[in-house]
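Both complexes below contain subunit A, partnered by subunit B and then by subunit C.
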Partner chain A sequence: MKDKTGSTITTKQLIFIIVGSQVGIRFLFLPREVSAIAAEDTWLVVLLAAIAPIIIIFLIDRLGKRMPDMGFTQMSQALFGKFLGSLLIVLFVAYTIGFESLIVRIFSEVTKLYLLPKTPLPVVLFMYVFNIVYIGSKGARVIGRLNELLFYLLLANFLVLLIPLGAADYTNILPVGAAGWDGIARGTVMAIAYYAGVEILLVFYSLVNRKDEILKAGMIATAITTVLYVSIVIICTLVFGVAGMQHQLFPALILLKVVQIPVIERLEFIFLFFWLGMGARPAINMGFAASLSFTQLLKIDEKKYLPYMLMGVGLAIFIIALLPPDILIVLKLSEYAGYGFYVVGIAYPLIFYITALVRGEKVKQSA
Partner chain B sequence: MKKPPRKPPVDDQAWKEEKQKIPESNLPAALEEKMQMLQPYLKKGADIITRPFYLEGEPRLAAVSIHLNKVIDDITLDQDILRPLMLSCRRESIQDLGDQNMMDAIYKTSITATKISKVNTFAALVQTIYDGLTVLLFDGLEEVLVIDIHGGEFRNIDAPPAENTMRGSREGFIERLDINIALVRRRLRDPNLVVEKTLVGRRTRTQVGILYIDDIADPQIVTKVKDRVNQMDLDGIVASGYVEQFIEDDPYSIFPQVFITERPDKLVAQLLEGRIAIIVDNTPLSFVVPALFVQFIQAPEDYYEKSFFSSYIRILRYIALLIAISLPALYIALLTYQPELIPYDLLISFSRARANVPFPVMVEALIMELIIQMVIEAGLRLPQQIGQTVGVVSGIILGQAAISAKLASPIVILIISISIICTYALPSASMVLTTRLLRLPIMLLAATFGLFGIAFGWVVVQAHLIGLESMGVPYFAPLAPMRYADLKDSFIRIFLRKMNQRPVSIPMQDRKRQGNDGKEPQQP
Partner chain C sequence: MRRKMLLAAIMTLQIISVSGCWDYRDINSTAFPQLGAYDLHEESNTALGNLPSDEQQVDLTVVIPTVSPELESKFLIHKTSGLLIASARGQKTYSLPGEYSAGVASNIVFSEALAATGLNKVSDALSRGALNPHTENYSVSEGRAETILRVPIKDYPSMGDYLRMLIRSSNRRTFMPSTTLHQFEVDQNPGKNPVMPLLGIKDDKVMFSGAAIFKKDKMVGKANLNETQYLVMLRGIPSTGNLPFILNKEGKMSDIGSINVNNKRKVKVERNGDNFTFTISITLAGHLAEHSSEDLFTQNEELRTEIEDQVASDVTEGCNKFIKKMQDQYKVDCIDISKYALAKWRNELEDKVDKNFIENVDIKVDVKVKLENVGGES
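Take a look at the complex of A and B:
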């Protein structure tokens, strides 16, 4: 059993952690990437893709109900044995580090592009990694509270994105079904990757204080994320049109260039200023999850060694994030990272659940 | 070559303590012997007054009263103790009562002072004398009478200088613990108000009072506070700040983790919310734990005025906090990195004003910031008349001269002045200090990374605040973790009539505060 006073989170915080792990920097370029395939039907595609996180949360909840007090690592080892179980965790940690490196890199690039054109990339990267390590080292409770607070900031930020609707052309979103069945299907598969982050529930399940509400919390979280995604897609489509979106690296950000507000000359700066905390959030959450899993794997004292583990994870993220030469390659890589999500986010819970079903009795005895 | 193990330093501390320790032995019966034992201690203090006297009768009973000069109330000693003992206590009437009863008879029949106790060991006797109590020694009786008639010269109850209000009580705490507790008691006549006293400091032996309402305060937190106070082991505390620094959760935080007030009415309001108050003798302040961040932005008047005004002023204070910490940083960041964010016309006037200043924006702002901090520091401890001079000199002459000498632009003086004004718009002195300290690192971050630096600074501060705890209670409470019920008393303050329940951010036992249910008062 874990130290219940030191590292439990509430169900409400779980909602915000899941939302926070999903909605980050990729929010800014989601409309462009998906609309390249799904055209006018992007909003529909994003909506359809929400089925994936719902299934994932359902599976994880089922799985967790069988072994409520086990951490992700213990669960994996109990199901698959010492070696294979550990290997799965190592893969999970590697995927997380790789994925978050890309996120941090994209984020640093955006920061560099808009705010600090002359500052060397490693410096900006370092500041993000510093946040990951600093906040993560304060423990799960602080992660929960931070996500909670930032969620309200996210909502405020999101309201700003509604301003450009004044320049919307409502014919842009028609006709429905323009992409055809093929386009919708391929688009959905692609859009699923944007729900990456939901797999954090694997790690956080054992930390939640009320297990009976997890399923509900997960559904609410998915609903919130879906609404945010569908809204941004609709806004971008209405304002730019599908063809217009393809020419912008970060459509959601360019959106704010459309409007002119007196006194505040450039709205997107203000937006980005507040988005800084938000964008780093998936990396903070996932970095924490990776470090926690790793400490559990090594069976060392969580309280004592978690900060050091975070430093290690932070260093890895920092180095990997520096490897790709430019942003276009990074964006390309992030597509491949999406495939990683198909494995870790979707296949993991499925395999785990099936194994639990098959080996159910044995596992219960060993635990 | 192997180094010889270093010799441990001679630990003579224990030996010294043993030597200094007052013997715990029982007191002898004879007065002469008692005085003999006390002699070395009496010799050390020129302010110890010994007064031998007799209880009349046949034979006369010799007695001595010992007290510290001016620590006790002289008149009470004369009129209520010595006079009845010397004039009306007859030896014959108590002759046959035996030792134990004789003592009782003496104080029950002849002493009119009220706070009386007895000690019978030498160590306790010596300590009692130095604690400022009056002791009476009688010949032939082993026990010693101890009478508490503290008095002497003290400051009167005065208006609290740092927390003035338009409405509400004008009484502030003073240096005497007993009076301070009485001030609280007068406002809170609940039998459940617990007052506990403990001694802190091996040499100063300072009284520390812990106050809480038994059936509201969370027992776990009460125990935690008591433990932390009792674990303090140092030779002396001279002000409540010592206790504060010993009991706070995170000494490495620049944010205040205990809430300080010098107003008894404010303290009562805090006690009613389930908090625990600590009052230290000789400090005209009290402090309250657990403290929350939002508390430092609230003033007692918020509750005395109508809620519209209070809410408006509270929101202003939050804006003031933001401005106080980040306005100079924003100025630096915008002018250095993102001038395109400033409206065009304003930018022109900025650069015109700065045209003659030879320094970068950061240096200019830093110079002014440091000068202003020095001015504040200089004015703080000067007598009021000279303090005003400092204000005038710095405000008018220094600012004008700095502009004429082209050391600073008028804009930067304006910016720094606004941020200082906003700093002092905060109602809590401890939060003012935090703000003053926090401004500088944010300015440095802004100078290095521009807007990104400010955002980075805020995220770190935010994360720090979220992680902070006061007595195990989340410091940033109604905001993170978000407690919707408590939001009605954070940024805004809703009608008192609607505050039916105590804030959930502070653990407590009794949720219900009032039975008004937010209804309109019934018209007869």
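Take a look at the complex of A and C:
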């Protein structure tokens, strides 16, 4: 499969796409949600949870090496037959659209809450969806470049999050192991869902120009995401304490309200201003992945019809994002969407790989 | 070309509509309160609004600077009553023209009576408001908070400006805690309790009169100015302040003076069964500000040590008295040491650290004073 979307991506861009698909709006409430279970050991469980995306990347890489010229859709149909393979793709697309709808809704709610309180939610939502569709229509290479650019902004933005460390209390994070084996185990299972986005490699694998470097790129991406997650959890725990964090809907954002810098004064607005682009990255990447998979499933000309498919996906995201009545329900739904990652993100690569092993030569011939 | 123009038109529409249409606000017609006073409701003819009496539980009085230079008064004081703070804010729309932007007040003063009933219910409106910073300074007033706002002020544009300068970072100028909304919230975590500056009125001036001691969100005691400096040192709030000393030799006063010092604290906790021993090491480092005797430091090398020992002894005595008062009277850990026990034995202590824990622990204080220089005179 060569350059069917009019573009291929480099392994460097793949790193930024994977990081971009993982680190989005959920970064702002990860510390609260996971610390509710893992307490002072949240940093530890987030670190342990990184094993899951490492395994997923490894499985997808092994799978890709067995069928190097196949896209995700072709791979699915080759392994499971036309009907079941297509059904799996439809499920993948449905999961992606549902997941991204929630992400876009949360992101719009945060924007409305902090930046545009009087602007109607559908208008804010439309702004995001429009950008998702527009950027996606430019192809994988533009998406890769955008992810790279936004990654550097993320790093600059992340440095801002270090400022509140002046209000840190190291006793908040001690003792290590206080959550017990049970808390650490349950916390790890929950934290795994925050690495959702790594499954995008299923779609992007075929678009990468250097297949031999994909595993390394995936590992680097996971390392970057893990460092960002562990750092934000440590900072939030040090500044708020576990009990204090439970009172904040978006602790990583509130973090910037606790310090006052002369001249800048309101750090959180500066942070959000840059975060607008970063929070939209998962939706851009996943929206593109869903559209591409669907285009391939329908066997239509990708170059010609991908923008229209993106419009359809964008419309679906817009409509679904508007359905939940309030932010509390959206947050609850995003918890359930995390379970979807266990199926699509973890079970898909595992089942695909096992099937490829079992079917062995047959699949190779079909490839 | 047509597609590009269509895209440009859509994007222009996007940019213009989002920032301009719905969230446009005229700054000249917006009221920005500078200072807020929160009181328990009392009948008065100054409160505006029309809520039924059973829905009036707090009074919210604010200082709002006037924006027009033509006006004689530089600020106005506006008071409303409500069930809680946001409800009292809601009443402002009936008597305050323009928008009311609560997110910029830099100081909130709570009355002692309101603080005794618990502040979380009135702090919620500040904490919950997405546009509010969490750096607002909190303080408690002796008597009604509203009275503080109404003290005539001549040397500053308004009481808001005066209190902002007085309270913000007060610990950098003296041994006085400076508490923000954020600190008030995190100081209610297990094993912790907030403290706040206490304001009083003396000779028609608003000034610090000590510190308010809290058990979680309820005020349970007061420390006077002298006790407050020991509270600050024991609590480990990094501060800079002046400490006086009197040296006696053979029953006679030989020298008096004062030193300017910064404080630091280290806490060690040990355990023997259910007995906990905390050792608080306080280091005061700084310089000699003044002294009265003619002794020259270049000739009397012991003088510096004598001053250091005297201040260390005075501070140790003051700290021990404060610890006793804390354990016997306040019965809350206002010096923030329980967290060190939690850091070691959290699972075991988390449920009981806020119940009769601090009263039953042994607390030792070790004070070291280090005069790093004696100034330009020998």
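Methods note: the second predicted complex is superposed on the first by the 365 of 367 C-alpha atoms of A that agree within 3 Å, B and C clash if a C-alpha of one lies under 4 Å from a C-alpha of the other, contacts with A are read in each partner's own complex, and residues count from 1 in each chain.
To be clear about the criterion, a residue touches a chain if its C-beta (ideal position, glycine included) is under 8 Å from a C-beta of that chain, and two chains touch if they have at least 3 such contacts.
Keep in mind the model is a prediction, meaning the values are calculated, not measured.
**Q** Who does A:T188 touch here: subunit B (first), subunit C (second), both, or neither?
**A** neither
**Q** According to the stated criteria, A:K138 is in contact with first (subunit B), second (subunit C), both, or neither; which is it?
**A** A:K138 sits against subunit B, while subunit C stays out of touch.
**Q** Thinking of the overlay built on chain A, is A:R266 touched by subunit B (first), by subunit C (second), by both, or by neither?
**A** both
**Q** Is A:Q13 contacted by the first partner subunit B, the second partner subunit C, both or neither?
**A** Only subunit B; A:Q13 stays clear of subunit C.
**Q** Does subunit B (first) or subunit C (second) touch A:T171, or do both, or does neither?
**A** In the superposition, A:T171 touches subunit C alone.
**Q** What is the contact status of A:S291 with respect to subunit B (first) and subunit C (second): first, second, both, or neither?
**A** So A:S291 meets neither subunit B nor subunit C here.
**Q** In the superposed arrangement, does A:P120 touch subunit B (first), subunit C (second), both or neither?
**A** It touches subunit C, and subunit B stays clear.
**Q** Could you give the residue numbers on subunit A that contact subunit B in one complex and subunit C in the other?
**A** 115-116, 119, 124, 127, 134, 265-266
**Q** For subunit A, which residues are in contact with subunit C within the complex?
**A** For this pair, the touching residues of subunit A are 40, 113-120, 123-124, 127, 130, 134, 167, 169-172, 174-175, 178, 180, 239-244, 247, 254, 257-260, 265-266.
**Q** Which residues of subunit B touch subunit A once you look at their complex with the stated criterion?
**A** 337-338, 340-344, 449-452, 454-456, 458-460, 462-463, 466-467, 474, 476, 479-482
**Q** Considering the complex alone, what residue numbers of subunit A touch subunit B?
**A** Within the complex, subunit A touches subunit B at residues 10, 12-13, 111, 115-116, 119, 124, 127, 131, 134-135, 138-139, 142, 144-146, 148-149, 152, 262-266, 269, 273-274, 276-277, 280.
**Q** Where on subunit C does subunit A make contact in their complex?
**A** Touch residues, subunit C against subunit A: 7, 10, 14, 17-19, 21-23, 127, 130-135, 180, 182-183, 185-186, 188-190, 339-340, 342-347.
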